[in-house]
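Got a structure for you, written out below as C-alpha cells; questions coming shortly.
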Amino acid sequence: MSEYFSNIKTGASTIATGMAITLKHFFNAVKRKGDAGIDDADYFKQVDGLCTLQYPREAVPTPAIGRYRLHMDAEDCIGCSQCERACPVECITIETIKVTADDLAACGKTSGGQQKRFWLPVFDIDVAKCMTCGICVSVCPTDCLVHTPVADFSEFDVSNMLYHFGNLTKIEADAKRRKLEEEKAAKEKAAAEAAARGEAPARPAPKPKPAPGPQPDGGKAGE
Amino acid sequence: MSHASSLNSWSDALSGFNLGWFPLGLVIVAAIPLVFIALYALTYGVYGERKISAFMQDRLGPMEVGPWGLLQTLADILKLLQKEDIVPNAADKFLFVIGPLVMFVGSFLAFVVLPFGPAFIGADLNVGLFYAVGIVALEVVGILASGWGSNNKWALYGAVRSVAQIVSYEIPASIALLCGAMMAGTLSMQQFCVAQSGPLGLLHWYLFSNPIAWLPFIIYFISSLAETNRAPFDIPEAESELVAGFFTEYTGMKFAMFFLAEYGSMFMVSGIISIVFLGGWASPLPNIGSLALNDMTSGPAWGAFWIIMKGFFFIFVQMWLRWTLPRLRVDQLMYLCWKVLTPFAFIAFVLTAVWEIYK
Amino acid sequence: MQELGKADLNSTRIIPQGDNRVVIEKDLDTEYMVLSMGPQHPSTHGVLRLECITDGEVVVEAEPYLGYLHRCFEKYCEKVDYPGIVPYTDRMDYLAGINNEMAFCITVEKLLDIEIPRRVEFIRVITAELNRIASHLVAIGTYGIDLGAFTPFLFCFRDREHILNLLEWISGARMLYNYVWIGGLSYDVPADFKKRVDEFVTYFKPKVVELYQLLTTNEIFVKRTKGIGIMPADVAINYGWSGPMLRGSGVDWDLRRNDPYSVYPELDFKVALPDPKFCEIGDSLARHLVRAIEIDESLKIIEQCLDKMPEVDGFDPRAAIPKKIRPKAGEVYGRAENPRGELGFYIQSDGKSTKPLRCKARSSCFVNLSAMKDLSKGQLIPDLVAIIGSIDIVLGEVDR
Amino acid sequence: MPAAVQQSKAAYDIIRERFGEAVSECDANPTMPFFEVADTSKWADIALFMRDDSRLKFNYMACLSGVDYMEQGQLGIVCNLESIGGPTHKIAVKVKCARDGGSIPSVSCVWHTANWHEREAYDMYGMTFEGHPDHRRILCPEDWTGFPLRKDYQVQETYHGIKVPY
C-alpha cells in the first residue's frame, strides 16, 4: 500500500519537475540565440531562449574551413588528373590536350609560376555526386581545387549540378587537337626522315600561328 | 430562479424569433458558440498548440505565413482542402466516410449546453451535464467506425485502444462531475455558473469554496485528457507505435476533421471543468468595498470572455502536459484509471456527500 | 507469455477443480495477426522492417528484415584505395562519423605499423568523444520520441547542434567529416579550439542535468522502460553485444579500457555501468542510463584531454601520413569503442595493391539487433518500440 | 613476440593438444594471430570446446567475415574470438571450404553472433552453413542472383525489370 502512494507521489513530483522545466523554457522564449557563428566570441553566451533560425533569411554562417561546393580555378590547373584518380565517387571528369610547343606561352603559367602543359577542354565536376570528402583537394598539387563554404546550392534541374570548368570551347578544343595531331604527324615525319637518313630527329620548326584566343570559361561556379 | 431566467432573457428572446415556420433565432443561438469554436479551433487551437510547443522546445514555430505565422492554419486548411480525398479500395466505405463525421459532430454537440456567458447558451437543458457527459460517448463510435472501416491494422489497434480508454475513463470522469453536481444540486450547466457567481468573485467557485473539490477537479482533469486522447494518454494515435492510430488512412479534409474534432473536444472538456469547478462565466474578481470589480466584470460579454479565458487556460495546461510528458502504456493507462482514479473518485464522491450534508 | 506461442485455433484447456470436477474451457476462435512494422514506421529508426506476429497487442514473434539501406560498403572497399574508404566509413554510422573513421584508421595503422603524433591522438580523442556525446544525444532524444516525449528530443538536438558546429569548425563538415586520416588528421584544430570546447563543456553540463530531470527521472518514462526487454549478461555476451548494450546488462567491458587504443590508457574515466537502485540490470532503462552516464564520462575525458593536449608550433597533422598507403601483406582485425558498441574492421591486404583485398566491417548495430527476435517474444507493441529504441540502431550501420 | 601473441599461441596450444591434426599450425603474426581448421567437419566441435573449456573461455565472437580465396578455389570464414570476463587472449580462426557447393558447419548454436554473420557470409559468398537454423539471405533480396562479394561476381543486368548497374 505504501508503494502505491509513493508511486503516486513520485509520479506527481517528477511530472511537476518536468512541467516546471518546460514552463521555464516557455517564458524564456522572449530571448533568441541569434545567428552567431562558431567563429564569434559570444557563440556560447546565450544559454536560454529560442535557438532556431528562419532559414534562408537568417543562417548560421559556415566557417571558412567549410567543405561544401567544389570550385576549380582553371587558371591554376596543370591538368595532372590526380583529383580524378583520387575521387572515390568518380565525380570529376577531365580531358586534356597536350599543349603544342608554340602554344606554351599562350597557355600560361599558374599563379605559382609553374608552366601549364595541358589544355583543359573538359573539367566537369558533378557536385550532385560529390560527397565533399576533400580528398581531391588534398591531392591537388597547385591548390586550384577548393571546397568553398557555400552550403546551399540546390537546383531544380539535376543537370545544373554538373559544373563545367574547362577553359576551352568545343571549337577551340578541336582546333587544339588538330594542331597537336599535326605537330605529332610532323614530328613522326621528321623522325621517320631522320631514321631514313640515320640522323637524330630534328625538332620541327615552330609554325607561325594566329594569336590564340582561349577565353577561360569559369563555368557556373562563378555565377 | 427568476434571477437566472432574466439573465437568459436575451437568448430566450432571440430563440423565440421565428421566420415564418423556420426557427431562425434558435438556429442563430445554437450557431454562435459553434462559429466561435470553429474559428477558434481553426486558427487559435492549432496555431496555439504549434506556438506553445515551439516555445517550450526553444523553437520559433510557424513564422512564414502572415505576421508571426498567424495565418499558418489557414494555409494548412487550404492545403488540406486541395488534397485528394482517398478512400482505400479495401476500406468499408460507409464506415470510413461516416467515422470522421460522427466524431466531428459528436465533439461539437456538447457545445449546445455550454453557457457562453449569462445570455448565450444553445439549450439550457435541465440535464445539461448528463447530456455533455453522454454525448462524448458518441466520439467513440466515430473512432471505432473510422478505425474499423480503414481496413488497416494500425487503425484497428488505435480504434480498439481508444474505445477501451474512453469508455474506461468515463467512469472516474462522471463520478468526479457528479461531485460537482452534488455541490450545485443541479445538472443544468447554466445553474452551475449561477450558483458559483457572486460578489466575492473566485471565492464562490467550488474549487475554492469547497475543501474537497480539488480532488474531483484533478480527477476530472486527468480523465478529460484521456477522453480527448491527449498526451500522456494519446495511445490511440501514438505516432511512434501506431503510425497515426485510427486516422492512419485518412487524407485531406477528413484528416482535418479529426483535428478539428480534437481541438473542439479539448475546448469542450475545458469548458466543462471550468463550469463545474471554476464558475464558468462568473468573474473571478471580488467586490472590494465600494470598488465593485465583480459587478463591473459581469454581464453577457464579460461572461463570454471569462469562460473562454478559463477554457484557454485549461487548453494551455493540456498542451503544456503534452509537450512535457512521455506516453503511458495501455496497461498503465488502465491501471491509472481503475486502480487510482476510480477509487479516489469514489472517495471524493463520499466526502462531497458528507460535506454537503453536514456543512 | 510462453503459452501464447502454443495457443492455436480452438484450443481447449482442461482445468481440474477440486478433487474430480473438471472444467473444460474453450477459447474463442482467435487468429494471429501478421503486422508488418516498417520499413517506414516512425519508431524503427530508419528502414528496418519487423514482421510481427501478434496476438492482440502481444507480439508473439518479431522477425527483423534488413537490407533496405545496403550500400555495398564492403564491395566498394575492394574498389577504392585506403584513404578513399575513410569517407565511406563516415556513412555507416552517420551519427558518429569520427568514431568510425578512427576505428578504421587505427586498424590500418596497425597493419602499417606507424607511429602517430601525440597531438593527433589527443585531437582524435576529443573529437571522437564530442561525437560520442552527439550520438548519445540522438539516442536519448529519439528514445524520448519513441515513448511519446517530444520535447527532450529537441533539447537534445539543440545541444547536438553546438557539437556539430564545433566539429564543422574543426573539420569542415557537419556530419560526414573525413577528418581522421590514416596516419594523421586532415587539418589541425583552429587556434582557440581549446577555449571553445571548454565553453561548450561549461554550457552543456547544466543542460544534461535538465535533460535528466525532464526525461530520465520522469516517472512515466521509468515505468515505460524499467523491466522491459531484460537481457541477462551471459546471453548478451553470447549474442556478441557490445558497448552500452553490454554494459547495460552489467558487464564491465569497454574497449577503451579493455583493449586500449590511442591515449585512452592515460585518461581517467570510469566504465559506465547501470545502478541497480534505479533499474533492473539488463533492461531498457539500464541501457538508457548507461548512455546518460557515458555523456558525463565523455565530458570528463574531453576536459582531461584539453589539459593534456600538447601544443606544438607549426604542427602539421599530415606529417605522419605515408606518401602511398600500401600495407604489407597480412590480415588485421582492429576495433574501437563506438557510441553503439564495438566497431571492428577486418582487413586483408595482399601487400601489392593500395586497395584492400577484403574489408569487412563488423558493425555493432548489426550484432545488437540480432537479439531482437529473442527480446521481442511476448512483449506488448509499445514495449517493442521501447526495446528497439533502447537498442539504438542506426540502419546505415546495420545494412552498411 | 608481443605478449598478446604469446597468449594467443598458448590458447592455440590447448586447442592443438585437444584436436591434433584437425587444426593447422598457428600463424603467430603480430597483427592477427590465427590458425586454420584443417578438418572442416570438426569446426563446430572446436568452437564448442573453445567456448566451454575453462582455460579458453572464448565466449565472445567479435566478428565473422567471409573471404573469397579465388586463387585456391576456396571460400572461407575468419572468426575473431575473445573472452569477456575470462582470460585476456584473442585468436582468429579460419575455416575454408570449396568454392563451388562448399559447406561449413554452422556455429550459430555456439555463439548467437554467428547466426546473422553466417547469413551475411552466405549472402555475400554463397557457402552453405550446415545446421544453420535460419539459412536465408540477409542483406540482399531473397531472389537476388549471384553472390556479390565473390571476386568474379558479375552483377545482373536487371532485377524485376529495374536496371541494376548504375
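Chains here go by letter, A, B, C and D, matching the order in which they are written, and residues are numbered from 1 within each.
Keep in mind that, in the parts below, a contact is a pair of C-beta atoms (placed from the backbone, for glycine too) under 8 Å apart; a residue touches a chain by one contact, two chains touch by 3 or more.
The model shown is predicted, which means the values in this text are computed figures rather than measured ones.
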item	value
Contacts common to subunit C and subunit D (chain labels)	none
Where subunit A and subunit C are represented by their mean Cα positions, the distance between them in whole Å	33
Centroid spacing, where centroids are CA-atom means, of subunit B and subunit D in whole angstrom	63
Whole-Å gap separating subunit B and subunit C, where each centre is the average of the chain's CA atoms	44
Set of subunit C residues in contact with two or more other chains	151, 158, 214, 218, 220
For subunit D, residues that touch 2 or more chains besides their own	none
Multi-chain contact residues (two or more partners), subunit B	56-59, 323-325
Chain contact graph, described as a line, ring, star, complete graph or other shape	other
In the complex, subunit C residues that touch subunit D	66-67, 70, 72, 74-75, 78, 110-111, 234-235, 237-240, 246, 251, 253, 258, 330-333, 335, 342, 344, 346, 348, 358, 360, 362, 366-367, 370-371, 399-400
Residue numbers on subunit A that touch subunit B, as the complex places them	4, 8, 15, 18-19, 21-23, 25-26, 28-29, 48-54
Subunit C partner contacts - residues on subunit B that touch it in the complex	53, 56-59, 153, 157, 231-232, 234-235, 238-243, 323-332
List of subunit C residues in touch with subunit A within their complex	76, 80, 83-88, 91, 151, 158, 161-162, 165-166, 168-173, 176, 178, 186-187, 190, 196, 199-200, 202-203, 206, 210, 213-214, 217-220, 318
Subunit B-facing residues of subunit C, complex	33, 35, 41-43, 57, 144-151, 154-155, 158, 214-215, 218, 220-221, 223-224, 380-383, 385
